Amino acid sequence: MNKPRLDREVIAMRVANELADGDYVNLGIGMPTLVSQFVPEGRTVIYHSESGVLNYGPLEAEGKADVDLINAGGQFLLPVPGMAFFNAAEAFAMIRGGYIDVSVLGAFQVSERGDLANWMLRDRGTGNIGGAMDLAAGAKRMIVAMEHTDTQGGPKIVRQCSFPLTGRGCVSLIVTDVAVIEVTPSGLLLKEVAPGWTAEDVQEITEPTLRIDAGLREIAL
Amino acid sequence: MNKPRLDREVIAMRVANELADGDYVNLGIGMPTLVSQFVPEGRTVIYHSESGVLNYGPLEAEGKADVDLINAGGQFLLPVPGMAFFNAAEAFAMIRGGYIDVSVLGAFQVSERGDLANWMLRDRGTGNIGGAMDLAAGAKRMIVAMEHTDTQGGPKIVRQCSFPLTGRGCVSLIVTDVAVIEVTPSGLLLKEVAPGWTAEDVQEITEPTLRIDAGLREIAL
Amino acid sequence: MPVDKVVQSFAQAVEDVPNGAVIMMDGFGGAGGMPQQLILALRDQGARELTIISNTGGLVGFGVIAGQPSVTHGILIESGQVKRVIASFPVSRSPSQPNPFELAYNRGEVDVEVVPQGTLAERIRAGGAGIAAFYTLTGVGTDAAEAKETRTIDGRDYLMEYALTADYAFIRASKADHRGNLVYRGTSRNFNQLMAAAARLTIAEVDEIVEPGRLDPEAVITPGVYVNRLVKR
Amino acid sequence: MPVDKVVQSFAQAVEDVPNGAVIMMDGFGGAGGMPQQLILALRDQGARELTIISNTGGLVGFGVIAGQPSVTHGILIESGQVKRVIASFPVSRSPSQPNPFELAYNRGEVDVEVVPQGTLAERIRAGGAGIAAFYTLTGVGTDAAEAKETRTIDGRDYLMEYALTADYAFIRASKADHRGNLVYRGTSRNFNQLMAAAARLTIAEVDEIVEPGRLDPEAVITPGVYVNRLVKR
């Protein structure tokens, strides 16, 4: 498919639309981090990081880096009123305890049952689990934000993950550069497509069969 | 035995002698609480309470009671420099984690193997466990401070506890109003007696057979 | 969850507590950590068949502590609203002066599970942390081990204990900001911090509510994520 | 334990670390929580066959973070002092820029156990709290469950995970009082607070040491009972 795809910012914008006023949200390393820039006006989202902070501000961008104020990706943050700091056990107690309303993560693969693989490439021999397995197990809702296909053009939405799993049946929604797909008990439901894309276009680069939502529409921001 | 017995303050004084400079110490409700008044000059003992405080000061005695500064017995404390507050899970993590050097508790019964019974009188139907079982399991060293006999004159140091146990083999030293007895792998070792008391006098009101320490002496303060 | 968690009255804060609810409340040993206004409001609200998880069984009903009038969950036992207590220190220290819990227990009106205090704290902590069960040193070889799994790990025996969770936690804190971040005073932190995380719905009774930014983020003990409703005394 | 825990030099603080020691150290993801001077002193001290328990495998050896020179335990891997790492994030984010750990791992010089981050934190917390093992949600149905006991509790599956303890914890805090009470700054609290409790001997590297009473007792994060030695940077 050589039709134009959405860029990372637009994917992040679409994910941001899923966040409700008052949600406690954990954003993973990479594209998910961008989401905080696009939360619609009038909604207050409270960010959680495994580094041990709740309600942090935007990424630091003016050279005022404080090594004692970072997110899980090691990026520097700005302080905001109402923050709280805590240790790693507490950071993950919040996750496993069901206090994170939405987790946004990147992925290598997502299966049609919502299995997530995002931590290890087998040929590397080892990898970084980080907090992803905890989020997969504990977050109330998990949104995957990723490119629809891998660097070779192969599908990342697959019948069964071939990479080591991060969690089983944990993904609720997949937002890619060409589609928005909901994981339902009866399989994957295509809900939105990128401008110029048809359901058939998306199916072509997706391994499992997609059901098409009756209200299928263009991705709305 | 109608010979004169030591009063509570003297028992507390004898126990206080066991505390070393820099020890972290937990004092139980009742007689053990008195111990802090008698720590020898030049030794700094740091007190821990299950109420969630480390390094508290003496009992409040001048009507300046602060309901937010209590020990495990609900007695009001005075603040001192160097205190730290923490929650109940942390208070007991310290105990089970082996950070309490000495625990001083009262007892209904102590067995010859160092079993402790101090929480429940069977005819009451229920009782207060409090922190005693945790201290029995976790403290590095447990000293029991008690009267040698019960209100009917019966022995409280017994072959086998008849009251529900607080912990097995947890007691190291028994300080009573007539004797100081060490719990050793080969049974109870009588080390000190109250003024005017003989080893035979003590044995008469003690159920298990006492071994007599070669250096048996009068209780020294 | 609303971003601003302030509720206007104690009555409103507890109005949805149903019959049969499981409620955690601190009151370690005195007046300090006790959510006294929430308890009074619950007595007036009238929910019955409650299970109370607390360190004590309610030391006294009404009383005076340090010169201040004081209320514990003993008043909920006196009013017949409680069917079960999970506690470490359920009865009074002196058998000759029974507390409301012991009187109700002796009449067969209320059931009790007595738990070692550290195990109670750890079970509540586990309940808030997605830990279903754990192995602890405490209680091995005692009645507390009855009907429990014992397991030898690295040559030492441990008891398996299950997490405790609740429908509600009634929390007593010192200050809050509007987002529900809480600070406590002294030893009144105790079980409050743990319970705030272990209940599906946490209501905090506080002396003062300030704007976000007015609490030192290094000294916030209960992050706002755990708190659903805030009421000022 | 001595009442005053201050030690005069980093070299003195680490001089008794033997070959084969198990050492915990934070360094969540950056320079903030890293006990950099203790790491340098241990490199000079030369103990070998070490096991390092840390969130990362040492992101870089020497580097510059936020304009400041920065050291991680990567330098102990480069110097061949480490035989085993227990970590959640052992390799660099980019396979094309391997960190010292990954290079040593690929040469077969160092062994690794990769642990989900929350499980790593909880195992360390358990190690300090007299909890031998626990059942967690995390990792069920993944490679992390391999060779582990799975147990169904209340209809949900959990993995059994064992506590982690260590011979030493190298802690990085902001301020201490002479008795070892510690406060941290911001996100540098992280694993430091947990590790302080989980090791037999805890050494804290701090920016400032004050008299007891100069720290707010409500804001002390690591009570002094967990700290054996203090060294000022």
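Chains here go by letter, A, B, C and D, matching the order in which they are written, and residues are numbered from 1 within each.
To be clear about the criterion, a contact is a pair of C-beta atoms (placed from the backbone, for glycine too) under 8 Å apart; a residue touches a chain by one contact, two chains touch by 3 or more.
A quick note: this is a predicted structure, and the numbers were derived from the prediction, not measured.
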Min route length, chain touch network, chain A to chain B, equals 2
Higher number of C-beta pairs in contact (B-D or A-D) found for A-D
When centres are defined as mean Cα positions, the distance from chain C to chain D in whole Å is 33
Distance between the CA centroids of chain B and chain D (whole Å) is 36
Cα centre of chain B to Cα centre of chain C, whole Å, reads 29
Chain B touches at least 2 other chains through residues 85-86, 89, 92-93, 95-96, 137-138
Shared-interface residues of chain D (touching two or more other chains) are 122, 125, 129-131, 136-138, 184-186, 217-218, 221
Chain pairs satisfying touch are A-C, A-D, B-C, B-D, C-D
The answer for chain D against chain B in the complex is residues 1-3, 125, 128-131, 177, 179, 181, 197, 211-214, 217-218, 220, 223-226
Interface with chain C, chain B side, in the complex: residues 29, 49-53, 65-74, 76, 85-89, 91-93, 95-96, 121, 124-134, 136-138, 164-168
Listed in rising order, chain C residues that touch chain B in their complex are 28-33, 55, 59, 65-68, 88-91, 93, 95, 102, 105-106, 112, 114-122, 124-125, 136-144, 174, 184-194, 221
Residue positions on chain B within touch of chain D in the complex are 21-24, 44, 46, 48, 54-55, 79-86, 89-90, 92-99, 137-138
Residue set of chain D touching chain C in the complex reads 122, 126, 129-138, 151, 153-154, 156, 158, 162, 183-186, 216-219, 221
